[in-house]
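Next up is a structure, given as structure tokens.
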Amino acid sequence: MSLLLAIYAGAFALVSGAIAVTRPNAVHALLYLVVLLLALAVAFFALGAAYAAVLLIMIYAGAIVVLFVFVVMTMPVSPESVTRERASLRGAWPLPLLLSVLILAPFVFGEFGVAGTSAAAPVSAQEVGRLLFGPWALAIELASLLLLAGLIGVRHIGRSDRTPRSRP
Amino acid sequence: MASLLPFVPVPALIGFLVLSLMPVALSRTVVIALGVGAAVLPAILFAPVAVSCLEGGCVAGAAVPILSIDVGVFVAQIAMSLDPLSMVTGGTVALVAALVLIYSGAYMASEPLPDLRRYFALMNLFLAGMLAVVFAADVILLFLGWETIGLCSFMLIAFYTKLPKAVSAGRKALITTRVADAFLLAGLMMLFLSAGTTRLDGMLAAVPAMDPWRLAPIAGLIALGALGKSAQFPFHTWLPSAMAGPTPVSALLHSATMVAAGVILLARLAPLFAAAPEISAMVAMLGILTAAAGALIALIQTDVKKLLAFSTMSQIGFMVLALGLGAPAVALAHFAIHAAFKSLLFLSAGVMSHASGGSTAIEALRGARYRQPWAFWSFAIGAASLAGLPVITAGWYSKEAVLAAVWSSGPCGVPLWLLAATAAMLTGAYAFRVVFVAGSQSADLAAPPWGGAAVMVPLGVLTFVAVVGGLSVGALIGFTGGAPEHIPLLPTLLGAAAPILGVVLARQLVRHPRELERVAHRLRHVRAFRIEILYYYYFVRRFRTIATVLGNADGTEAAAQAAALRRESIDAPGLAADDPLGRAFGGEAAQPDFIARATDGQTPVVRLVSGDPVGRILIVVARVFVGSFVARFSPDQIDRGWMGFAGSFGHAWEQARRLQTGRVRDHSLWIALGCAALLLYAWGTSWR
Amino acid sequence: MALIALILLPAVGGLIAFFIAGQGERERWVAIATFALMLVLLVAIVAGAPEGRWYAQVSYPWVPSFGISLDFAMDGLSASLIAISAGLGIISVMASWSEIRTQSGLFHASLCWTVAATIGVFLSFDLLIFAFFWEAMLVPAFTLIAVWGHGDREGAALKFLIFNAVAGFGLLAAAFALASMADHMTFNAFELAEMKLSTSVQVWMLLGFSLAFLVKLSVPPFHAWLPEAHTLAPTAGSILLAGVLLKTGAYGLFRFAPMLFPQGLAAVSPYGIALGAAGALYGGLVACGQNDAKRLVAYTSIAHMSIVLMGIAAGVHYALAGAAVEMIAHSFSASALFLLIGALYERTHTRDLRQLGGLQQIAPRFAAAFALFCSALLALPGTANFVGEALVVVGIFQVNWVFALLALSTLIVSVIYATRLLKGLVFGQPRPNAPLADLNWREYWPVLVMSLATLVIGLYPQSLLALLEPAIKAALVLPLP
Amino acid sequence: MTGSDLIGMMILAAGLFAIGVFGVLARRGIMFQLIALEVALSGPALGFVAAGAYHADPQGQGMFILVLTLAAAEVAVGLALFLRIRRTAGSDDSDIISGMKG
């Protein structure tokens, strides 16, 4: 398990994230998002979290981003929307940049006291499974509840023929 | 037997209560019996206490507590003291009072019943008050007794209510003594505040700890109070005019006991005055001044009671002198002996004047020797004792003790002694002047049958004491803690010669009355001696003029007019309309508007009645105060301040609203900012 | 156990009164019965009390981890204040017999709950429970003013609530800070009293506590809520406010300031006296300018409570005794005056001094009652107020004679407003065609009881002082006698 | 895997999160904000897995799974909202919906 690969992949993900965020064109942004996720998966493999990497690719890149693509398809990516995005981005980037730098600074300059080394053995899927269905059983139930809430939310918001009810 | 002490004044008090408050009509004999009995009982009750004291039962400072009042913050202890001083003075007072009351049983017999009953009630109340003063071991009982005897002296002086002179004399006595009592009260209060306890011994114990600048005023005030009661120089005018009361009253109150209350108090507080030398010096000066002046004025008196009054004042001057020089025991001995022979003089003079038609002029007594031999001889012995004829009379021993004390009292003792000796000589002179006049021949020799046991017994006892009492003077001084002075032979001899010289002078004066008249006439014109008139011009008259001006008697019709206005409830606009002074301010327009504004049209704060300039000034000041000062407070500025503060929140909210743009980006911006701040803070504090 | 019963009784009584509030007088009698029962229970506790300062003491651990326990204790001071609260409860019910018609069930319930909360304050010695009851007191009082008041009652009630609730936070903050400072977190006042804190910390804690107490004590600059609250509250409301709620402020200061922060109080005491003196003078002067009788009495309460503050801040024995007596005396005089003015308002529907007057000719009982309580207002010797104020002034003379002179000037000002009230109501000509019914039995007996109490304490203060002595000794701070 | 490596991974995770936040704040389009959100979410995911790897503890990956479910639910709702807004407000600019304006 080579650390170098992990760090390299992480950095790669970082760069692709930066690009994804600054693209005026939605489809480009999405593609760079996929690149980021894949880089992340490589990093996970490097860190020995094979199960997590596979999940990331299957569910995150596979399902969630695909959802994005469906929605982006419905969006008319017209040249003037691109120019409008570029104009809006140009006008508004200094303050958020300062803010994100502020958020990043403590981590970069903070001398964390994580001393010593640990035998970072790769964590196999069995252990994760034993964990999930052992002590974390309740967490999983809650996660399912979360998904149910999302489901109901989407169904409710997504309904098209809603007649606006008069407020009580 | 000591616990019997608090019950000594009780019979006199009961006598007073029964005689004055009992709704039942008592017959004459019952009244006299009750009055005299209630006065004699204390003396009888006192005997066992005195005996136990003589056997060493009482040491200086011992006290019998009666009751204690817990005022939450400190405990006031009312107690009677069982020390030699109260024994000596208590004994004298009880004995003299008993004898005088027995005498007055006969002397006042001819009074109408209600007056008689009032007389005996008041005499008993006086006795109770005097005993309270004498025995008091704490300030409260002392001042209670002090005021009671002051009140009784006023009521008894003004006994003959029909005589305007008696009533005015009573008022004069009361006012003067009350002024002095005010000084005394102030002094005692300051003493209490700095000593913290109401017990006399506690106060005396606290005296050394007090710093002198605080002690001097206290001692001064108390001395003034005591001297006022004892009719010393600045306050002496009321004593001669107090002779307007009946003779037994003058005998008991204004010769033996009441006037000596001041001396007793000064003796009891002797350590206090020892700690304030300049005050004692002042007291001594006043004493000697009064002694000399009293003797001189007594010399030129024509009325025997006035003479005896001035003589009392002079003798008490001697006592105060002794006290001032720091010899309380000697003063007390002189007080005891003086009480005896002075009451003897008064009682016998009463008998003689009663027999000669009631007038107390010295001329009227001429020939009393043959009409009333008993009374005359007792008067003569009394006069001898007063003059202090050597060896044979008690007066000599006590006066000698006083003179000895004066002689050996420090540097200026000798000149003081000389002055005291001349005063003694004058005393001898005026004492024997009356004796010679009374002893000379007179035309009407018819002696109306009068007297009887009730008169003779007291006179007899007092004569016995006046003569034999001298032997006990040395013992008395030792008993009350003073050391008898041993002085060289010469001053004693001179002291003895002085009264004899006085007698010779008296004989001269009686034989040549005209020189006496000239001397008296010249003396009367000396401004210093016309103190009586001095008082009248400087104080009384001025006070009366101010009172009339303030009272503004002529303002009454203005009051009537104001009342009329009010009745028709015409709402006269404030000050000007209905009040003379208002008009004086220049009529209608002059009234300052802020007064009207202040009282915002309501009826003026106080409808001004009658022309009282001082009162009105206060009203105007009050209304100006209300108008300008208080009005500024009425809308409660602080309240408006708070409401303003609350109002400001409204504007703050306006600004705050602009912050809420509702756009998702801005909201998340604020959230991110908060998160960044938290991270920075965390980094700043814990991560290092 | 009895102490908790003493708190629960009015609470339950209020509940019952609320539920059985049909037509007719049922809920009024239930309220009166509750308060009477409380008085009986109180007497039983005091009678059966063991020797020593505390008549009864009870402590149940509630939240041990945070050191919160239900510890209640009653001594002379709290007993007398509880007795007054119960007594005033009965009096306020009688006073509002004809005045309150709408929702009288809720009215009597909130009366009982106010008294229940104040008794909680008087008994509790656990700071958190004390703070709880302190805030709980406000809710029923708020409803009393807001629902049955006159004029802009909601505004007055809101102002009352905001002032006191915000000040309550000061108390709460200080309590938590103090509790956390103890080695093992505890809110018990006795344990906290043993903690040795540095003077500066004590001063800060004291400021936190006294913020709440001063606002409840309505010492100027914190007094703004009192005039509206008292003036616009119904008669019963203003009686309870003046007679009971003001006392919780004084009681808190009297009990906890010297107990928890002796050095702090000693350091702050000159400023406390100065504040009290200035407040008394300010309250008095403003009272002189008022035309509404109830507002005038409200401002006099401010002046009297500032005098109580002076007494407590002075810290010497006389001053503390004076403050304690003044607290109790003020309950009687202020509530009696509110009762009388309320009764007058019921009859003449005006409280303006300029319109009223002439009671002497048409309503002698009114005039007599007003005369007595106005004399109590100006602390005439012989009334309990005089005892209180005289002792306070004597105490302050020992501490600092300049403040004592200031305190004396407040007595002078008190004469001005007392006589103005008397002139406005009693003297002068009655309005021509305004027949006025004199006091009926419901108003006459409470006034009689209160005047008797004022005179008894005035003429024989020893009875009350003996009762309060242990509490006063415990509150002594300064080394003076 | 030494401590400093873990720190390195943490910094990377923080970087990802910072970029995501920048994206949400800077972009006006709702779609772009959602994408930026996804980037931001991937930051903590990396952090959790790195920590799990460092301590050889399965909980890291457990947390990652929870992050996944969160991302899924969140995207679903986000996109539904996006569609809804586009239909009602007619534009995909997030500043249009400022009904919450104070």
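Order of writing sets the chain letters: A, B, C and D. Residues in each chain are counted from 1.
The rule we apply is simple: a contact is a pair of C-beta atoms (placed from the backbone, for glycine too) under 8 Å apart; a residue touches a chain by one contact, two chains touch by 3 or more.
From a predicted model like this one, the values you see are computed outputs, not experimental measurements.
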Exercise for the section: Going by C-alpha centroids, which chain is farthest from chain C? Tell me that one. Expected result: A
Handout entry: Between chain C and chain A, distance of the C-alpha-averaged centres to the nearest whole Å
Key = 64
Handout entry: chain B and chain D: spacing of chain centres that average the CA atoms, whole Å
Key = 103
Problem - Averaged-CA centre spacing for the pair chain B and chain A, given as whole angstrom - result: 107
Completion exercise
chain A and chain D have mean C-alpha positions lying a whole-number Å distance apart equal to 5
Practice task
Any chance you could list the residues of chain B touching two or more other chains?
Solution key: 665, 669, 672
Problem - Two or more partner chains touched - positions in chain A - result: 92, 95-96, 99-100, 103, 112
Problem - Contacts with two or more other chains, residues of chain C listed in rising order - result: none
Handout entry: Set of all touching chain pairs, with the criterion as stated earlier
Key = A-B, A-D, B-C, B-D
Handout entry: chain B contact footprint on chain C (complex, rising order)
Key = 220-221, 223-224, 227, 282, 285-286, 288-290, 299, 317-318, 321, 354, 416, 423, 428-429, 461-462, 465-466, 469
Problem - Residues of chain D touching chain B in the complex - result: 21, 24-25, 28, 33, 94-95, 97-102
Practice task
Note which residues of chain D are touching chain A in the complex, please.
Solution key: 1-12, 14-29, 31-32, 34-36, 38-39, 42, 45-46, 49-50, 52-62, 64-66, 68-77, 79-84, 86-87, 92
Problem - Complex interface listing, chain B residues touching chain D - result: 656-665, 667-669, 672
Exercise for the section: Spell out the residues on chain A that touch chain B in their complex, using ranges where they run on. Expected result: 92, 95-96, 99-100, 102-103, 105-106, 109-113
